[in-house]
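Next come two complexes, and both contain chain A; in the first it sits with chain B, in the second with chain C.
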Partner chain A sequence: MRPLWQIPRNSLFWLLLSVVISIALHLEHLPPWVALAGIVATLWQIQLYRERWRQPGRLLKWSLAGACAGGLFLHYGRMNGLEPMVALLFSGYSLKLLELHHKRDALVLIYLSYLIIILQSLFSTTIVSSFLVLIALLPVTAALVAMHGGAENTRPVAALRTGLAMLLQAIPLMLVMFIVMPRIGSLWAIPQKTSGTTGVSDSMSPGDMTRLGRSGKIAFRVEFDGPIPAQSQLYWRGLVFSGFDGRRWDQQGPWGYNDGKFLQWSDQGLEAWDSVIKRRGEPLSYRVTLEATNSPWLFALSTPLPQSSTVALSRDFRLVSKNPVNAKLQYSVKSWLNNQLEPESLVGWRHKLELALPSGFNPKTREIAEQWREQTPDTLALINRLLALYNQEFIYTLRPPALGKHTVDEFLWGTKKGFCEFYASSFVFFMRAAGVPARVVVGYQGGERHPTENYLLVHQYDAHAWAEVWIQGSGWLRVDPTAAVAPERIEMSFADLFSEQADFLSASPFALERLRHIQWLNNLRLKLDSLDYAWAKWVLGYENVQNDFLLSLLGAINPQRIALFLLLAGGIALLPIFIMLYLSRDKNTRDELDRLFLQYCSRLEKMGLPRRPGEGARDFAQRISRCAPGLAEAVEHLTGIYESARYGEEGGTEVKAFKTALKGFKPSREELLSST
Partner chain B sequence: MIKRWRQVFNKRYQQWITRRLPPVKKIRLDNRKLFIFPTRAGFVFFTLLVLLWLIATNFENNLIFAFTFLLTSLFIIGVFHTFLNLSGLQIEGGRATPGFAGQSAEFEYLLSQTGNRQRYSIAFSHPGVDPTVVSLAGNEIKAIYLSIPVKKRGWFQAQRITVKSVYPLGLLKVWTYLQFDTRALVYPRVIDAPLPTQMAAGQGDKPPPQNYVAHNSGSEDFVGLEKYRLGESLHHIAWKQFAREQGLQTKHYADAIDDELWLDWDSLPGMDSEARLSRLCAWALRFSEVPQPYGLRLPDLELAPGTGRAHRDAVLRELALFGQPKEVGEQA
Partner chain C sequence: MICFDETILTKQSQQITEAIVERVESVLVGKQHSVRLALACLYAGGHLLIEDLPGMGKTTLAQALAAAIGLSYTRVQFTSDLLPADIIGVSVYDRNKAAFEFHPGPLFNQLVLADEINRTTPKTQSALLEAMAEGQVSVEGETRQLPQPFYVIATQNPLSQSGTFPLPESQLDRFLMRLRLGYPDPEAERQLLSGSDPRLKLGELSRAITPAQLEAIQTAVNQVKVSDSLVDYLQRLLQFTRSSAEIDYGISPRGGMAVLKSARAWALMEGRDYVIPEDIQAVFAPVCAHRLPVSGGEHMADNFIQQTLNSVDII
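Up next, the complex of A and B:
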């Protein structure tokens, strides 16, 4: 059966190419058989077009549709969520390919191609993949153009060229819209991707931080409004661990507080407990661009106040995101490095929690801690005594020996070799055993200053754990036992310290980081990173800088200015198109001679002697000679030169001759009348 | 009630269109003459844009915003491209080939442009006619023809033709309605009838009327073919035509006593004037095929016998315009 309507050959070509490209783009998160079905449908359509194969029967199509839906359900076990939705869209898309009976079928396919290709941006937001999406829109547009080019316009390349020109012309206008169009937050809850946390996790056992120390991935980037503070100031607080089960440190939920809600949103006023923070001096303003972590906790310097509406300050003075961070997230923060947290008193239940120790673990440490406490009653002196012990006898290494049941005992009085979490864990345990409320804080420390751009790169290997102790009158005090063992870890960047060690970046064997000692490669790495950061800041997280950017652009944000800007910028964006389109209308590709001849014709037309469509120069001259004998001589003369210029050997000189002759040709009414 | 409103609206609309686009000989399309509006596919495209915008907003994904804006811009750019596919096009009403009532008259339109824009897929249509779709290269002059059905004899002016284009995206259509002051002459409906046995010749004062007998028995001038009737001589059957599966026909010859042969209004008594004209028309066509001079005699007019195409056209013209004002038509 041959369909009544047949898609133009060039349109089909681009359409099938679009299908193949969209399959390729989504290959990573599609069940293989869905991709395969798409390829089979493409081949089938090719064979249909060549009239080699027959149209699949209605029964076959319906059973295929059923099989797809069932297969997807079996594959995913659910139908909500992004990936099943895209896969379902894909199966419908492939099946639609088998029934191109009407023009609207082809249009549906083209629109679906646009949708599916653009949806790729939900899965990957890198520069490369966005560029691929942009490229992939080209064949779809070409298919759309080819559909409407008519029967005489069957070359695929012509449609591609038109599509390309239109897309390029659309880009300036898109930029204007991107800059100005307001972004409103999500309208309803969307199914979140569920995948494992990357980076710092919500618990800490010995070895966890060491593992992160081997990864060269970017954790986040920070841009300060002023100069970047000293390396030793950069403690990026992430999570606070108060619970310890002998091996693992973890968070002890939002309970234990009775002075307001656990989370304080920046747009909802201050909670009562905000007053327990004493902020002093000028705050640091900065913007963090966090890579996807799939978890809600964020990182900031102490003590932070979030400036973005989707970020909250929690009761334990860290930042929390509204949704798990599934894609790059940008947030603005103000931090007061000079601060006191809860200097007066700890909430009762929390006080107990920060002193709690699991029974049956690390008996030796508990015993020594109690001894030390009696010998050194002053808390600060006690801390310094312990730090001095670390400093004298301990080794900071990426390859710590494994620990048994009594982790702290074995580490403090045995192996004496460890990475930051060993020090933080043993320090907090010791302090609690000595009756000082203490907790573990994890996050990142330091960062790499970009040499040319004013921002800081924080890598996964900058992950760090340290301690906070609570002292009556001073509040929570940061103590970093690692700094006592290896002060250079805090002073220099981690990479500078460890780049010679074999284990450094062993989890990222192909990272450019490993080659940081080769100057030009290191420069290249940093260049690429600044590009990536600009992408994250200006594109992926544009809504965070939109306000400031528009403000700097317009001076003030009000409807009039926005409208004016839209008009101006839109006009400027459309200007190239105007020029292109309108110039090409009058673009003179006809040679000089044609132009002169048209002049000649228009002079005669003004005399009421228009040239008829399709009338040759000679016929025209003869007709004029008949109607207006007064002009006959001049017209015959000009036509003679025109013909020899057009058809003769020496075109160039004759064209000039025609030009001079034309100058003297000024037909007047009198001449016209003298004839009649 | 609604029907009346619609009638009133249609009338107003027609008046407005006529004011805006009066009948012309030649027209250059520009923004005052062109209309532009999204097509149905364009509205579906809007839906796609809204869907993409919702996805972008809900997933707070700026890349999807960017691509949504790109497609929106593509649509806006498309307005210019679509518009310029028609703008600047010159259309001139060309020749109108006469036709017979009940058949169609062919109208010619000449397309040209001063620039060198390549124009694609421009559809010309007229009510009741399948659209003609053409492309136009830069500096090209192209003629297109619309065969428009005609019903009544006399002067026929084509209705507004619609010139429409959706190129390049199909999301927008640009169109205009054009009325050209070209008219076609419509000849009477052709109703063939057997030739009467007697046709008046000469004028009333020229007795006796010469007999003209159309028959198939003589050996004189061949007049034409007629359907075979039972009893006719087998000698006169046109076997060639039979072999071409045109049915059994017999050759008819006329012994013209006089070279002057008259198609006479009065030879068809008892018929109304349209029926007479139709038959005279058919006969004129028949005689114009053979080298037989023939004249036309109508109640108020007489055309001297003659032969050839020009004579035939003159005869047909008189038949077409019988009883109608005979203003000079545009028959360039």
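Up next, the complex of A and C:
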């Protein structure tokens, strides 16, 4: 059976191409079988068009839809959240390909293609993916154009050209909207991604940092107002772990403080506890552009004071974002490298917490720590003694041997090989066992200076763990045991240190970083990165400066001014198109007689009597005479004048005669009704 | 007797046309439109191809037309063993005069009905088509003029094509129009079935036009005015057939000229001395359908022509 309606061939071509491109764009976060279903649906539609295969039956379609929904539920384990919803939409979109029965089905599919392509921006907003999205809009627009093209335009290329022209014409308007349209964040709150956190997580067990050391992804970029501080100063503090269960370090809840709210927002004044932070000297001022982590914690040099309204300082001197970071986030911070945190006293429960050790683990370490404490009562001397031990006998490696139940015992007195978390963990355990309050801090250390642009690149492999020790009178003191065993890790960048090791970046087999020893590839990588950073800073980060920019542009921001600006700028942006249209319209101006004839036609059209395309004046008049005998006389008269003027002897008088006759021709509905 | 003043001629042409149509219609019931088209074809000086199933009145139309116009008429039944000499004529030795004498074949008539033209071999077809194109035949090194006016009305049967030699496109092009008669409408058919055989009246048909009048009308056809905007319209129609993806190539310039000539004749038959778009629309299908190389059957050609007329506006 032939379908009632068949999509134009060129439209189908572009539509199928759009589907394939959508699949390619979303390949990364779709279950593979959903992408496969999309391809199968595309092939099926091709075979349908070639009349090789048959339309799927109602039962098959329903069962396919059910199978998709069920499969997605099994795959994700839940239906809410961004990825399952996108996958669900996508499977519906693919299945819709199998029922192109009417024009509206094809239109729904085309509009859905726009939506699905734009949805890609929820997952990635890098410069490359943004341009891919823009390019992907082209075939969809071509499909839409081809759908509405007449029978004359059946070539795919013609539709593509029209689509391209339309998209190019839309660019000025897009820029105006980009500048002016307010970013309505809360309305567009995106459901959280279901895939796990990237970067450091909210707990640490042996091997976690080693895993990060294998990833070459960017964690964040930092632009300093002044020169970039020395590598050994760059400790990007992220999370503080005080709880230890024998294997895993994790955060301990913010309960128990009674000196103000736990979070201090920059626009809500200082909390009472702000006074326990002693800031000295000139602060460093910088902006961090963080990649999406899906977690709320942020990274800064100690001790920070946030300058952005969506970032808060927490009671344990970390930065926290208002919402989980689902997309690139830019925030400004001031940091005082010269500082003291809580030098006078530690809250009682906190003091206890920072000394707590799980019973039944690492008996040897506890014993030795107590011995050492007796031998070396001075805390600083004790720290140095332990660091000296690390320095003499330990090896820093990306391939630490596995540890059993007593992780610290086995590491300190057995294997002596480890990555930063082994050193931080064992150091803090030892200190606590010796009665010194201590905790683990994780974040990033160092970073790669961009050779030409003034910013710092921090990769996932820069993830680091170190320790903080509390000493009466000086407060929290940063101690990095890794610096003792491998000072070059802190002095040099991580990548320089480990680029020779096989495990380095083993999780990113295609990363350009692996080839950093090839000079031109390395330059290319850095060039690409600076492009991406400029994109993040100027395009994605525009919303941070939009307010100021609009203020300087408009004087004041109120709805009237915004509307006025939109109209004005939109008008200016569209002006060239108007001019082009006007000029091209001028070229094939009709002569006066034809214009008058068209007026005559439009008057009749308003009466519900449109002239059919290709219908001659006489046929038209005869048809009207049949439908509306009341108009017959006037219409015949006008047609006679028009015909002899248009096709008979040349002469200006008859144009005038037609004009005069047309003036008197004002058909009314009453006439029409009375005549029928 | 006849005044050749231009405006009077248009009126006269209309009257004469009505008279001819009336006479032909008395024999071929209910086919007024086809009769008019056939007449327009003759006025325009073109040859006519009638294509339809057997028994639809092809031959009757040709015979009635010949009688009503009063032309000398022969009918040649084309068969597969017909040779060129059979239609052109042969030289026979005359013993009395001691010389070869040419005996003209059936082609030496003003109106030739070539029945079932696709049944004969290409050789004979070519001989006929040469005569159609040139208005003369060459026999034994001597060129002989055919009588004027010279018309060929050919018929062919689209079905049962086995053992036939379909005319190639280049030869189809020689026919100004191709008509299909189709079944009569129910009323005409009832009339046909209830009365006596109208073909019996064929012998009684008298001519409704003199040779001089026919010549005058043919001259007048060339003087029918064609305005610039009408030429534009026709050109847009031709352009549309050429730019469409549904057919490989569109109407040739010769086809366009054929449309215009037929439209002129049609306008004159309507009693007008200028062509309007409706004239072009009336003759467009019979002039163009057989010139379009459409794959996928005759319906495709008809649909395409209808689509062309519906898509191209008159202004």
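Going forward, the second predicted complex is superposed on the first by the 364 of 676 C-alpha atoms of A that agree within 3 Å, B and C clash if a C-alpha of one lies under 4 Å from a C-alpha of the other, contacts with A are read in each partner's own complex, and residues count from 1 in each chain.
We adopt the following convention: contacts are C-beta pairs under 8 Å (C-beta built on N, C-alpha and C of every residue); 3 or more make two chains touch, one makes a residue touch a chain.
Model, not experiment: these values are computed from the prediction.
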Touching partner for A:Tyr114 - first (chain B), second (chain C), both, neither: first
First, second, both or neither for A:Pro613, with chain B first and chain C second: both
Partner chain in contact with A:Ser552 - chain B first, chain C second, else both or neither: neither
Partner chain(s) touched by A:Gln519 [first = chain B, second = chain C, both, neither]: neither
Touched chain A residues, chain B compared with chain C: B
Partner chain(s) touched by A:Ser359 [first = chain B, second = chain C, both, neither]: neither
Contacts of A:Arg155 with chain B and chain C, given as first, second, both or neither: second
Touched partner set for A:Gln169, first chain B, second chain C, both or neither: first
Common interface residues of chain A - those touching chain B in one complex and chain C in the other: 150-152, 590, 613-614
Chain C - residues contacting chain A, complex: 225, 227, 229-230, 240, 243-246, 273-278, 281, 307, 309-315
Chain A residues within the chain C interface of the complex: 150-152, 154-155, 590, 594, 597-598, 612-619, 643-644, 646-650
Of chain A, residues touching chain B in the complex: 104, 107, 111, 114-115, 118-119, 121-122, 125, 130, 133-134, 137, 141, 144-145, 147-153, 162, 166-167, 169-171, 173-174, 177-178, 181, 183-188, 190, 327, 539-543, 574, 577-578, 581, 584-587, 589-590, 613-614
Residues of chain B defined as touching chain A within the complex: 41, 44-45, 48, 51-52, 54-55, 57-74, 76-78, 80-81, 84, 88, 92, 94, 110, 112, 114-117, 120-121, 133-135, 138-139, 141, 166-170
